[in-house]
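The following pair of complexes shares a single chain, chain A, combined with chain B in the former and chain C in the latter.
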Partner chain A sequence: MATRQTQFLARSLLTPAVGLLFIWMIVPLALTIYFSTLHYSLLDPGSESFVGLENFRYFLTDPAFLASLQNTLVLVGSVLALTILLGIPLALLMDQPVIGRNFVRLMVIAPFFVMPTVSALVWKNLLMHPVSGLFAWLTSLFGLTPIDWFNDVPLLAVILIVTWQWLPFATLILLTALQSLDEEQKEAAEMDGASAVSTFIYVTLPHLARPITVVILIETIFLLTVFAEIFVTTGGGPGLQTTNIAFLIYSQALIQFDVGSASAGGLVAVVIANVVAFFLVRIVGRNLEA
Partner chain B sequence: MARMATTRRVAISTAAAWLFGFLIFFPILWMGLASFKTELEAFAVPPSFLFFHWTMENYATVQERSDYLHHAMNSIIIAGGSTLIALLIAIPAAWSMAFSPTKRTKDVLLWMLSTKMMPPVGVLVPIYLIYKSFGLLDSRIGLVFILCLGNLPIVIWMLFTYFKEIPRDILEAARMDGATIGRELIYVLTPMAIPGLASTLLLNLILAWNEAFWTLNLSTSSAAPLTTFIASYSSPEGLFWAKLSAASTLAIAPILVLGWFSQKQLVRGLTFGAVK
Partner chain C sequence: MGQITLQGVQKSFGPVHIIKGADLDIADGSFVVFVGPSGCGKTTLLRLIAGLEDVSGGKILIDGKNVVDTPPAKRGLSMVFQSYALYPHMSVRGNIGFGLKMAGLAKDEINRKVEAAAATLNLTPYLDRKPRELSGGQRQRVAIGRAIVREPKAFLFDEPLSNLDAALRVQMRIEVTRLQKQLGTTAIYVTHDQVEAMTMADKIVVLNGGKIEQYGSPLELYERPANLFVAGFIGSPKMNFVTGEPALHKGAATIGVRPEHLKIERDGAGGWQGTIAVAEHLGSDTFLYVDAGALGMLTARYIGELSLHAGDRVSLVPDPARIHRFDENGNALRS
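Right, the complex of A and B next:
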């Protein structure tokens, strides 16, 4: 009796959350699928008609799609590589006996808490401005010509900003993992005469394999949808040079008001994200059983 | 000898860590400094680092010209409101999954996680159109609602991992002593759950405060939180570096303080318990 009552209580406590999330997932997604089969432009109301897969053909063969897919991959790949390649040495350094480690950690983690619009505008103006930015002044100190970041290498500029935002995340997670590495294991390796390098390769790095995977997967989910940084700095340009998939869909929906094509694009984005999500869910799920 | 080597090692790693920490923090510091400069000095080449004419005038101007407090209030309402509502929905759900798990609990949890992975841009069109037809565009309630749903999976997950750690023996002991469900909740479980609740609240306040996809797309002026307000400085005619810096410093200061308190929970919350 009591158990049945408890079970009923448990289920009714769970229902609101499950119900809301279900609606939140199903209704917009169903609408996106529905819109993606329509010719539907907000500039031309009343002209909605069923066009089958025409929007997908249009979206996928649009040169802008290939360009933005490429930009998305370059952006995600570069930021992942930079945050991990810089994050590992940084985490190792902070795992050393450092005086005032807590304070250093505060400085390192800070960029993660800065809202994306602030990071992007501060970098674009105060640091990367070709005349008055701090970087321009530094390069001129060395007698070099300042780089016009957002004209000459716009995608690289966006990559640097996003890397600055995500480096703290990678570092913090790797540091947390390092601190859980058994000190005795490292000492044993050292006693056996292992050099610092081989201790790193054979003891530390294998221990970091899982947190690195987690960092890659979680960052990928967020990096696939980088939006605000592009919105406030380049607006996707010059040309299409910094347009990623998220920004392309946004501009089709809210600038060109092409609902059908934007919906088709949205579904493409969902599919790409789901491939990543599949792997992440498996890793987290495995952890749940342990 | 060994002692010497250790001291040297500490000195080197300390110096290196401080240097890199400072470099990473520098853009924020630079922004903070610029907020106390005049517009001319903020733009000056070569830049002045400390010896400029310090002024508070930008902070006053930001409030006068653009009603900073109005947008700050929007941020507080939207971030706070969405977090509180998410907690109200999530606490019972996480509670029930942690204390009366069924064989489907794991699947439910993973399914909830997978809703978080849907890219917001995938549902931008329908959400925008729904909001437009219900008059929810540029409304606080609309943003509260969408940020609440967006963060709900993380809230449930974090609470679940915290509740999971409350030893069940204590519950059983309380039940043996004849505690009713109500008493059990108030006197036994709540005190043990408070640290987990507090960290969940904190992390989600931060995430909601900094959310910049829905806020940029669904708000323009009257409901605009600080993310959207700062974005308005991106237009060429609005380019005032010192004022941008002052507005930005105000926008990130409170969250930076909260964030520093919640570093540990951040790892746990954002990796869904996969790294602790």
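Right, the complex of A and C next:
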């Protein structure tokens, strides 16, 4: 495969694509770095001036930053835990031979195809609305006071919505992994006298270690940047209770019109994402080694 | 003790009858091989005995007790799977000891038994390796270790050697047979390879289309096949079957002669005349595939080297004492 000629050919054929991707990435990055060193307010055009690291100091010392960092981590962690803890039993159920299995699978996967904005609207107005929502109606059936989700437990509400969206993904990945589990291994465990629970703990769960890692890594990438669900439902509030890093950057740029500070925030977010990725790969990445 | 009796065992998957009533008596300590072409139901029969499938009818008795409603683990059998089915994330020690751990044995007792089993199988240096770090033959031995450590009433082997290369297969064949004799535990072994069946078995069960065609010792099957199917299946190369006049002459619909019981004569006037189509010279044996006109293709075997080549005319003289006769239904005729 690796004669000098094929290597040269491979590289020269790859160059346009790699080059385009590189430009695609480097231009925004360079501009962001450039803007992050400027005093650049959209309310005061023409006043751009170099301020060094002042934007970073401003962003990092903003009390909203720590609050939103905490919200981000709580959101990511909760959704990861919920999707995996619920995804495993769901996948196990869907692996059973039942009538209409294909239809059930299609239905379970459906939330993944709904746009975040649409699902957030559905949850906000049809399900969690304190007056006209389904949950409010259900609680009032029992004579209880309906929960005002987005005021009383706003972060939990957002977590539930995002979990609902990502559960199909986790279930699907885990289901395909379950289907690749060697039937003879389960039979061997059965011959060895293992109960259903023991078989799950000693045979199935270790087999799922790798797909769980994949779910964690992929979901983390997307969950760090959750935005539409927050924008549509709570707008980051009440106060800062549902503001995550992505939403904070948005509010810097397009509510306070401070492009410089938003750019600094964007770079901080890049660093945070890399720190999270570093720890994740350290903790769960070894499952990926063959 | 490991005496296994099947009484009218049936299995069907929906409208398809896989096992059409099997009766079998397996003596304690014997090595019984189920052999037959693919799809004959031999693996299904083994899985019925193991309890991995439920019977549709009939009884399975282990030491006189009907076990058809007993779960697999409680039947006191252990199984070696075709794919070995080792637990990939457990060490060799964990794999062999898993059944004991599930049975709730104390840790040091498990260790003692695992180490004893490993010593029997020459696996001691590999106890802390994972299955993926082992060769095919070693994995095979781990699978066998997992079976013997539980001291079962019987071993069930489901084509365990089919994933090994030819040389290793011969070696493992001997090891398995020797181990079984040493432990004196009943063994049921499924294979499609009649050489494995002939070399390993105390008794062979020949299965075809979900029915037991014949049950007997290897030489019994070789010398007195009950019907055309067994006659054609046991023995390599295959037995020659001749219909028509030479058969009628013997008062049978079909007669069969094994290739090794045909005497090869150059330019002979008697016997069956033909032209050699292909001659295979193996040194130890010579196989001749002879086009005998109306009689069809005949195979003849000569022990040693015979300098005959394609195109030569030969005549084949069957040993009259070694002619098998079959009636029009394919059943053997005894005189």
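Some points to look at:
The rule we apply is simple: the second predicted complex is superposed on the first by the 261 of 290 C-alpha atoms of A that agree within 3 Å, B and C clash if a C-alpha of one lies under 4 Å from a C-alpha of the other, contacts with A are read in each partner's own complex, and residues count from 1 in each chain.
By our rule, a residue touches a chain if its C-beta (ideal position, glycine included) is under 8 Å from a C-beta of that chain, and two chains touch if they have at least 3 such contacts.
Please read these numbers as outputs of a predicted model, since none were measured by experiment.
In the superposition on chain A, A:69 makes contact with neither chain B nor chain C. Once the two structures are overlaid, the count of chain A residues touched is higher for B than for its counterpart among chain B and chain C.
Contacts of A:126 after superposition on the shared chain: chain B is touched, whereas chain C is not. Once the two complexes are laid over each other on the shared chain, residue contacts for A:280 go to chain B alone; chain C is not touched.
By the document's definition of touching, of the two partners only chain B reaches A:214; chain C does not. In the overlay built on the shared chain, the residue A:189 is in contact with chain C alone; chain B does not reach it.
In the superposed model, A:147 makes contact with neither chain B nor chain C. Residue contacts after overlaying the shared chain place A:178 against neither chain B nor chain C.
Interface of chain B with chain A (complex): residues 6, 9-10, 13-14, 16-18, 20-22, 24-25, 27-28, 30-31, 34, 42-47, 89-90, 92-93, 95-97, 99-100, 102, 106, 108-110, 112-115, 117-130, 149, 152-153, 156, 206, 209-210, 212-213, 216-217, 226-228, 230-231, 233-234, 239, 241, 244-245, 248, 251-252, 255-256, 258-260, 263-264, 266-267, 270-276. For chain C in complex with chain A, the residues that touch the partner chain are 50, 52, 71-74, 77-79, 81-83, 85-90, 98-99, 102-103, 146, 150.
Only residues 6-7, 9-11, 13-14, 16-18, 20-21, 24-25, 27-29, 31-32, 35, 90, 93-94, 96-101, 103-119, 121-127, 131-132, 134, 136-137, 164, 167-169, 172-173, 176-177, 180, 210-211, 214, 218, 221, 224-225, 227-228, 231-233, 245-246, 249-250, 253-254, 259, 262-263, 266-267, 269-270, 272-274, 276-277, 280-281, 283-285, 287-289 of chain A touch chain B when the two sit together in their complex. For chain A in complex with chain C, the touching residues are 182, 184-185, 187-195, 198, 202-203, 206-207, 209.
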